[in-house]
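In the two complexes that follow, subunit A is the common piece, with subunit B as its partner first and subunit C second.
Up next is the complex of A and B:
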């Protein structure tokens, strides 16, 4: 009797080993049988990523800098930010990080696009149905808290080392904020305004596109922002499974204790993050003009 | 009955779980209190029957909790009734399909809200044209068609402003223009002016009365303010605890309050301003004093009586025919009744 309390009644070692074996071999045979199909499913995304990376790498650097400065101005309407981005990119290039930065930018852009195009519709769907919300919420929790290496393992077994597993790793980690904030934003839309839309006979589409999405935009923008920040944070992890970019030198620096190398590439990631953030925030604020009540827009 | 534009028949609304069981209890004679205590259901509307003729401005007057906002939302079915009918132009709104209901809301009845319900990300023009855009009118044409309404409510020059940049009164002008722009025959106004300052409220009432003279819409106007109800209403329905306790024109309500509750309500009203000479005149065919039209208020009539030396006025109808007389004594008694009422102790629950 005393034994029962002192020792946890655990599974016998043999059956536990068999249990694990069954799972492992089942997944292995699954990946052997379906690996190629799944791989080909991701091909379009891979092609797009490669195409975009090549585009960034093959375009002469002055043009890239001009385009970035132009986008900064279009987004945030700030000369200071444009100038800052020109200086930052020049410095990055001068310190020999141009190619890695372009690769990282390609990865982040594609990952963000992917997250937005899946995340916003999912968030909208969640906002419409409490049942969908109660089903998706725990999945988002798992996506954000599960150790990255744990979900990388099956992905690697299925797809091997390369860009696509890297992209998936980034998206799994970076998508939850946009889903959550889209859901939240739509749920927080003023009920009185929605009622007015109903009273004028708006149908579902007119409600969504004319009222809910525009009014949820500040929150959706915060979500996009978070997604980009989290994607950038995943750059180093992605480099561990063969994605080119600023993460690789950081990884080398960790392995060989190269302080300067790690610092420079790390700061380049930070610089990218700040530029992305300011441009988007500025753009989001401009979309909200008039709402705060200042008379000179 | 046939000439009524809006006809609400036997409308009940029960809030809470299993409303259909609850309504059976009510129909079998259970009281509102018993329903709440036994089943936890709240009876929001209790056998409402109202007929509104076309082109009437019908005020539904009640305090908070009387069910007035619930009632108006049944007319365009923003709230589903438990049982009952709302018949507009011969069609029962409650039997409409989703599409029919949407068409009805787009073209037949528009609404003005207490909290305005404007779209904060759209400027004045875009807000006013909202109803038209929902109908499917293209943006350029909608903009053109809304110009006249923006002008009519006095918002010219503010087209590019956003709602947050406007005062409450201005925002409600936008709300009113938005509702008028769809050319709907029915206008539902849910405490439309209650959120406004007194002076601005009076100003908006003037705008509404002016527009109504020109447009002749069928208007359902919800308010908790008796002065507003008496000023605007062609007819008033008094709502209390989800029930209509009196229905009549402002004169009726003041002269013949149905119960002590309403009596208590109207005791502070300036009767001289609300009552018309037609309500208090004695029949008379001879012309004895200065002529006044039957729709003159007693307040004005008094001034005329006092300034003439006859001690009375002759009342004529709109065609100038003599129909009655009002003496100084009549006029004063009709106004003074209110002070006598004040001494009475109200004994309603």
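Up next is the complex of A and C:
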């Protein structure tokens, strides 16, 4: 009897092993039978990623720099930021990281856009229904805490190494903040304001697009910031499953203790993150200002 | 004079106490538990035998090749690297051996091992005309790359590994770019394993770098290809191929260099004669190592579980490594 309390009544070693084996072999036969179908399902994304990377790589570098500077200006309306991005990209190219930076930029811009375009609607949906929220929250928790290779190994067995698993890894990790903060932002909108909107006879769509989302923008853009930062932080992990880009030299540097190489490529990742973020944040600020202006009209 | 006498007595006393503490079996050290299965199995077997058989205290420290070697070389810790693949670090290692900082306890702790270029057995079944690497190089169309189907994919060695440079060099030496191949960097061991096992599971063609003894080679019966050219001398290999294309632009085609795996120890361990004589006899036959690795993989066993399975299953191998007395103790502890 005492033994029962001292030792946890655990599953026997053999049955535990068999249990694990059953799961493993079930997954293996699943991947053997359905791998190719699932792979072809992701093919359009792969083609798009390849096309976009080739586009970035084959465009002459001055044009890329000009386009980036132009986007910076369009997004943030700031000459300083445009100039800063021109300088950064020139320096990156000068230090021999142009190709890797373009590959990383291709993957990350697609990943960020994907995360934002899935994340914001999901956040809105969560904000409107407590049931959805109670269902999605734990999934987000899993996405953020589960050790990356735990889900990457099955993904590798299904899809092989390359861009698509890389994209999946980045999005799984980077999407939760935008979903969470959109949800939070909309839930935090003042009830009185919503009542006022109702009193003016706003329908559901008007209430969402005209009141809730604009008032939630500061939170949503904090989410966008976090998503971008996390996406770029995942560049190195993506490289661990065969995605070309700045992550590869970083891995090389870590393995061989090349301090300078690691630092240079690491800082290039940081620079990309900052430029991406400032452009979107500047855009977000202008959006919010515009709303304020409308209010005064 | 008196002073001298006192100090002599003091010093001899000091020495006596030091030597007595040595004789009281001061066998306590750190051993590198490297992050691939055969090395972790070996480290755990060593730990078990040395602790149970010789009363040592062995602490396992995780680490990869380069990081482990550098800390051993610079700081003298961990004290033992059971399975160090020395090709990647040969220059630094030879210097350390010459200067007497590190010592080789045994060359080749696993027999029949090696690196090279492998294909899945299904590929050889379908194309029996593939006799050497040279034959494969003519058919990039059979190994289409995921991101550019018009090219053949050769899966190289993960970024930052010593073999990455050698693979890049051989890629140039065999003019593989011209023949329609691209060199894919799998990024990590997980990436390399994933791409190989995915292909082997589905019976697809796969051509890339790998090494044995490994559970995946045992499990999927991966086939090592003959290079079709002889080893073109250590000058070409060490002076060019291993340095990579940034340092040496014109490597000659060559078979892979013979892999040298050693158990490397620091000078502290060299003093421990019993431990050294154990390391000196400890050779795992390659086929048994492959079996062990498949066992570990199938049972999802950790290094420690694997070590116990090995000690239980193959006593005829390890009893020859140690004294009878120690063997009795180990058997009792199992």
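For the reader, a short list of remarks on this structure follows.
The definition used in the following text is that the second predicted complex is superposed on the first by the 286 of 297 C-alpha atoms of A that agree within 3 Å, B and C clash if a C-alpha of one lies under 4 Å from a C-alpha of the other, contacts with A are read in each partner's own complex, and residues count from 1 in each chain.
In this section, a residue touches a chain if its C-beta (ideal position, glycine included) is under 8 Å from a C-beta of that chain, and two chains touch if they have at least 3 such contacts.
Bear in mind that the values here come from a model prediction, so they are computed numbers and not experimental data.
Once the two complexes are laid over each other on the shared chain, residue contacts for A:195 go to subunit B alone; subunit C is not touched. In the superposition on chain A, A:215 makes contact with subunit B only, while subunit C stays out of contact range. With both structures placed on the common chain, the touch criterion links A:157 to subunit C but leaves subunit B unconnected. With both structures placed on the common chain, the touch criterion links A:46 to subunit C but leaves subunit B unconnected.
Using the contact criterion defined above for the overlaid structures, shared-chain residue A:2 touches neither subunit B nor subunit C, since it reaches no partner. Once the two structures are overlaid, the count of subunit A residues touched is higher for C than for its counterpart among subunit B and subunit C. Within the superposed three-chain model, A:203 lies in touch with subunit B and out of touch with subunit C [touch as defined at top]. After overlaying the two complexes on the shared chain, residue contacts for A:63 are found with neither subunit B nor subunit C. Note for the complex: subunit C touches subunit A at residues 64, 66-67, 70, 146-148, 158-161, 164, 184-188, 190-191, 193-195, 197-199, 201-202, 298-300. Against subunit A, the residues of subunit B that register as touching in their complex are 76, 78, 101-107, 110-111, 113, 115-121, 123, 130-131, 133-135, 161-162, 164-165, 178, 182, 188. Within the complex formed with subunit B, the subunit A residues making contact are 192-193, 195-203, 206, 210-211, 214-215, 217, 287-295, 297. Against subunit C, the residues of subunit A that register as touching in their complex are 17, 20-21, 24, 28, 31-32, 35-36, 46, 50, 149, 152-153, 156-158, 160-163, 239-244, 247-249, 251-257.
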